[in-house]
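Below is one structure, written out as structure tokens; the observations come after it.
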Amino acid sequence: MTLQVLPRGKWLGARVKRVEDPRLLTGEAKYLADITLPGTVHVAFVRSPHGHARIRRIDTAAAKEMPGVLAVFTADDVAPLPPLASGLPVEGLKPTPQPVLAREKVRFVGEAVAAVVAESRYLAEDAAEQVTVDYEPLPAVVDAERAMQPDAPILHEELGSNIVYQKTTTLGDIEGAFAQADHVFRRRLHTNRFVAAPMETRGCISVYERASGHLTFYASTQMPHMLRLFLALFLGIPEHKVRVISPEVGGGFGQKMTIYPEEVVVAYLGKVLGRPVKWVEDRRENLAAATHAKEQIIELEAAVRSDGRILGLKARLIGDGGAYSFNTASALIEPLAGAALIPGVYDIQHYQHEVIAVCTNKSPVGAYRAVGWTAAQTARELFFDEIARDLGLDPAELRRRNVVSPEQFPYTTCTGMVYDSGTYRESLERALELVGYEELRRRQAELRQQGRYLGVGISLYVEPTAWGSEIALQAGFPFPSHDNATVTIDPSGKVRVAVSVHSHGQGHETTLAQVAAEILGVSIEDVVVEHGDTDRAPWGMGTYASRSAVIGGGMVALAAQEVRQKVLRVASRLLEVAPEDLDIQDGTVFVKGAPDRSLSMFQVAFAAYLDNRVRAEGEEPLLSATKFYDPRATYSNGCIVTVCEVDVETGLVRLDRVVAVEDCGTMLNPMIVEGQVMGAIAQGIGGALYEQMAYDEGGQLMTDTFVNYLLPGAAEVPPLTIEHLESPSPVTIGGIKGIGEGGLLATPASVAGAVLDALAPFDARIERLPLTPERIVEAVGHS
Amino acid sequence: MKPPPFGYTRPRSLDEALATLSTHGPDARPLAGGQSLIPLLNLRLARPSLLVDLAFIPGLADVQAENGTVVLGAMVRQRAVERDALIAQRVPLLAEATRLVGHPPIRNRGTVGGSLAHADPSAEYPAIALALDAELVVRSASGERVVPARDFFVDLFTTALAPGELLTAVRIPVPPPGTGWAIQEIARRHGDFALAGAAVLLRKTGDGTCEHAAIALFGVATRPLRVTAAEHALTGQPLTAESIREAAALAVEAIDEPLSDVHGSAAYRQRMAEVVARRALEEANRRAGT
Amino acid sequence: MARVSIGLTVNGQAVSAEVEPRVTLADFLRDELGLTGTKLGCEHGVCGACTVLVDGAAVRSCLMLAVQAEGADVLTIEGLSHNGLHPVQEAFWEHHGLQCGFCTPGMVLTAYAFLQERPDPSDEEIREALAGNLCRCTGYQNIVAAVRAAAGKLAAAS
């Protein structure tokens, strides 16, 4: 690898202000809903009010008569469209194809049953109310364990069961480990179903030109090229005639990496109706029908020595997958990814896990930042806290005695992950130091005497990042990886960087420009980063799973490096020196040691394009390179410590502060790294204390507005302290590791751990999250 | 999430508004600040045929003091209440309660009358009106009547207002100097509706004997409640930690029809009613002069 | 339903229109006037993305009908600055107070209105003032820092 170490100068590693911000700050940026093309018509979906019901009949006659209505489509009208199914077959996972509009049955509240197209969204909603669906309600099942029972209502009758996956894996000598144990501990945790809830909901616009057969599809998506491929296949339009444009995207967090039924339907409506068809999801639809996440029932059993050493672990992870497991094998991704990360940062070689995926009458599950890992980390860290309490050990000490130590790198886990480098123990010690751990413990004891309950929660984590094909394999979820960057210097010397990774808040237009600017020796102002348009960006899988800094940064570095060589070759001919004797800084190519012998990037580029005297025979004149990068597996790590006080009488929690020490290897831009960490911590606070998708026994969704589904606000998130450790990866370009997910992976355990630590005098045990005031009061009361 | 169709009228006088309401019957709804009604429209949970906008009627947004009473017009914005020096001085409980209503942008539009007439059982204003023994001035095409707060809140989102009637003002008797006051509430997040709340007024004599106690609960039942049993138990008794605890324990019994939702079960709210009542009584006792 | 005439001022420009009573101010600004900087995040008054100033006060434009804006003076994000960025916007930029940008116009306008009335706020007051504007990306800390910095900029300028 030629770029093991990236040059760090003016741009790379600096706190560069984001180039995308001015348009966002002034309201000039165009998100999906802000785009209106002439002749646009609008879609409203008719959605199931039942968790489980048979569709007897749908009457659309009255709706079709409503003012401004162009069409009403039901399953019969979209018959040519195949159901959504898992694109990547996983061995042992039973298929549960999802019709793009419900056919015969509905299986969750919010499932789309019909699509109404009208001249405005107002009129479309008026008409949607006039669609009459005759339902025969069926018994619903909303609890995964209940759904596993033989007499439970079955969602997909053809399968004969709601269990779509079940597999036990034994690693190491699990029986031996338990035979040697001084103690065996058990814990169960049912993590909450919570959701990404990006501030911008989903949406799409379908524009079909009949004469040419071209489809232009605007979508708020994280994966434009994947969406193009699937739309082409679903609609039977040749891929070269499909263009996907992802405009400004208002957050994704995984929710927008799925190909959704609504997108396929809207694309089809555009093709059939021949007018631009627009659908902007409203918040109620988003909460009911966009993918949910993170709900698992995890049972853990640990073989423990008296000194706190964990000898072996057994885990049973039941993923509550909701009604369908569609194109990301979504029902399975939670428990499967979770199982692989149960050992986490700890040196545990004997491990057995059973992974079960179950269908229930709830919205399908998809990715949300740290998919699978949040639940696993939360279950294990809370379990370890409990073990420490029961052994009379400090929870920090228990972690010290089990964490992988520095001399063990590269460390291969029993699940097959290869931890390349990191600061596992150091991050723990540094976080404890920053938070003033010893003093906090003294203060805690003092306050308890006054009837006040302070708590400290520690969550020590490792985060698989850089989703290339190797880490996908190691993390237990074989998923391909293919991404490209094209770096081009145009004749005037300005730089275009086109990338397949997608930015929806991450600031790639800044960080990837930093990489290119540093390598090419130009100012960031002379670089523009393009993404999100399949006609302008090279092919790739898009942004998810903390991959864009590593893959994006790596592929831009590779492409920029090649273009730099081309520039130097051309300049060497113009200046009549060897390329090795040249350097580039601030947009000037100069002879090392003789800076007055120089050319501007403009002069070099202009000559490269238009002066055939500098072109060697057979040489491509274009100052452009396209590079692919599929990184080796790399792992970030860190430690998040939360301090809180609990009012044990009301169950209200006041967070005092959260301290995060993280290590993502080489940082492209520390400001952006901190932003990622802080945002993810806030989401973790939501997951620990506020957010829950609640269904009643009949399958009714109780939380379909922001009045009932509670996101944390500025008053709920305490001051955050972020500190960086930097252990560059030995295996990736520049030593970069990803940073997108650690905060949400680790914070719920840290916050819930702090609350339970505060409640330690009551020996409060909690099996369900989030920790609502009521659950806390109950736990205190049951002591 | 778009509102269903409805008509709209913008009367320029109270009489015009009342005549319109009387003509159209219950399908016409008065529109004050809209901070409760418009979400219901957007969610299509309310379907009026006509909205009668009260914002352009002169004289409905005044705050006045008249012999021992503060009178607030129904269209006084909550932000105006929050900033009003007269209210801060004479009815500090109201000023404090207002800061617990939603968030500033909500209070910039939300009105006193709108909140009272909406009668959300978890809202602060109805309970405050109840604790303060406020009187609600109600007008219709056929005249005016005055309804004591304790008769005004009937049930979940239901008041004593008859079709065609409009709440035009609320009269608040200014508590005598030295009156202790407090409002305590438990909410999931800053600005959220209360899972349990209590508003309290207390007066005591020089030796610490309770002369007057008013305890109103919100967020726990289908309407705001006065805890008269606790008020009676305290009156004439010395205000001690013990007597306050005993009085607060009576709060639970006042709750006839408990509220329950995803944020808190009936059992939790009932238990918390006692906690907020006790904490509010303690705080009001600290503030009460003699 | 019969359309209603309205006249108002938006970003300093007089506007008159005939609108259906049910059209929200947010949709009016976005669809009729093309001012799409005002965002819709929930349409039921919780998220604050649609915050605009009406007669100088921050309000939810999804909880206001266009017909209610008769005679009002409305300021949207597009009207906050005419040349370059307003100091509040500059501070958000410098302190990385935004990521995806969707909550940003509402956040900036809420902060702007707040600083008008509270020029030297504490962090706690800032958090309380912004508590009704949801952001899913930043964790708020940099937004709080930005508002604090904006207060300083505005004080220095006045």
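Quick notes on this structure:
Per-chain numbering from 1; labels A, B and C assigned in written order.
Note that a contact is a pair of C-beta atoms (placed from the backbone, for glycine too) under 8 Å apart; a residue touches a chain by one contact, two chains touch by 3 or more.
Given the structure is predicted, the values throughout are model-derived calculations rather than measurements.
Ranked by how close its C-alpha mean sits to the mean of all protein C-alpha atoms, the top chain is A. Taking A-C and B-C together, the chain pair joined by more C-beta contacts is A-C. Our note on geometry: chain A versus chain B, Cα centroid distance of 44 Å, whole angstroms.
In whole angstrom, the spacing between the mean C-alpha positions of chain B and chain C is 29.
Residue positions 1-5, 43, 189-191 of chain B are each in touch with at least two other chains.
For chain C, the set of residues that touch two or more other chains comprises 20, 22, 43-44, 128, 131-132. Residue numbers of chain A whose C-beta contacts span two or more other chains: 122, 282-283, 705, 713, 715. By the touch rule above, chain C contacts chain B in their complex via residues 1-2, 4, 20-22, 24, 27, 43-45, 48, 51, 54, 57-60, 62-65, 67-68, 70, 110, 113-114, 128-129, 131-132. Within the complex, the chain C residues that touch chain A are 20, 22-23, 30-31, 35-44, 46-47, 49, 76-78, 80-81, 85, 89, 92-94, 96, 98-105, 108, 123, 126-128, 130-144. The touching residues of chain B, when paired with chain C in their complex, are 1-8, 10, 31, 34-35, 38-39, 41-43, 51, 53, 55-56, 79, 102-106, 108-109, 189-191.
Across the complex, chain B is touched by residues 121-122, 125-126, 129, 282-284, 649-650, 652, 690, 692, 694, 702-703, 705, 708, 710, 712-713, 715-716, 772-774, 777 of chain A. Taken in their complex, chain B has these residues touching chain A: 1-5, 43-44, 186, 188-192, 195, 261-265, 268, 271-272, 275.
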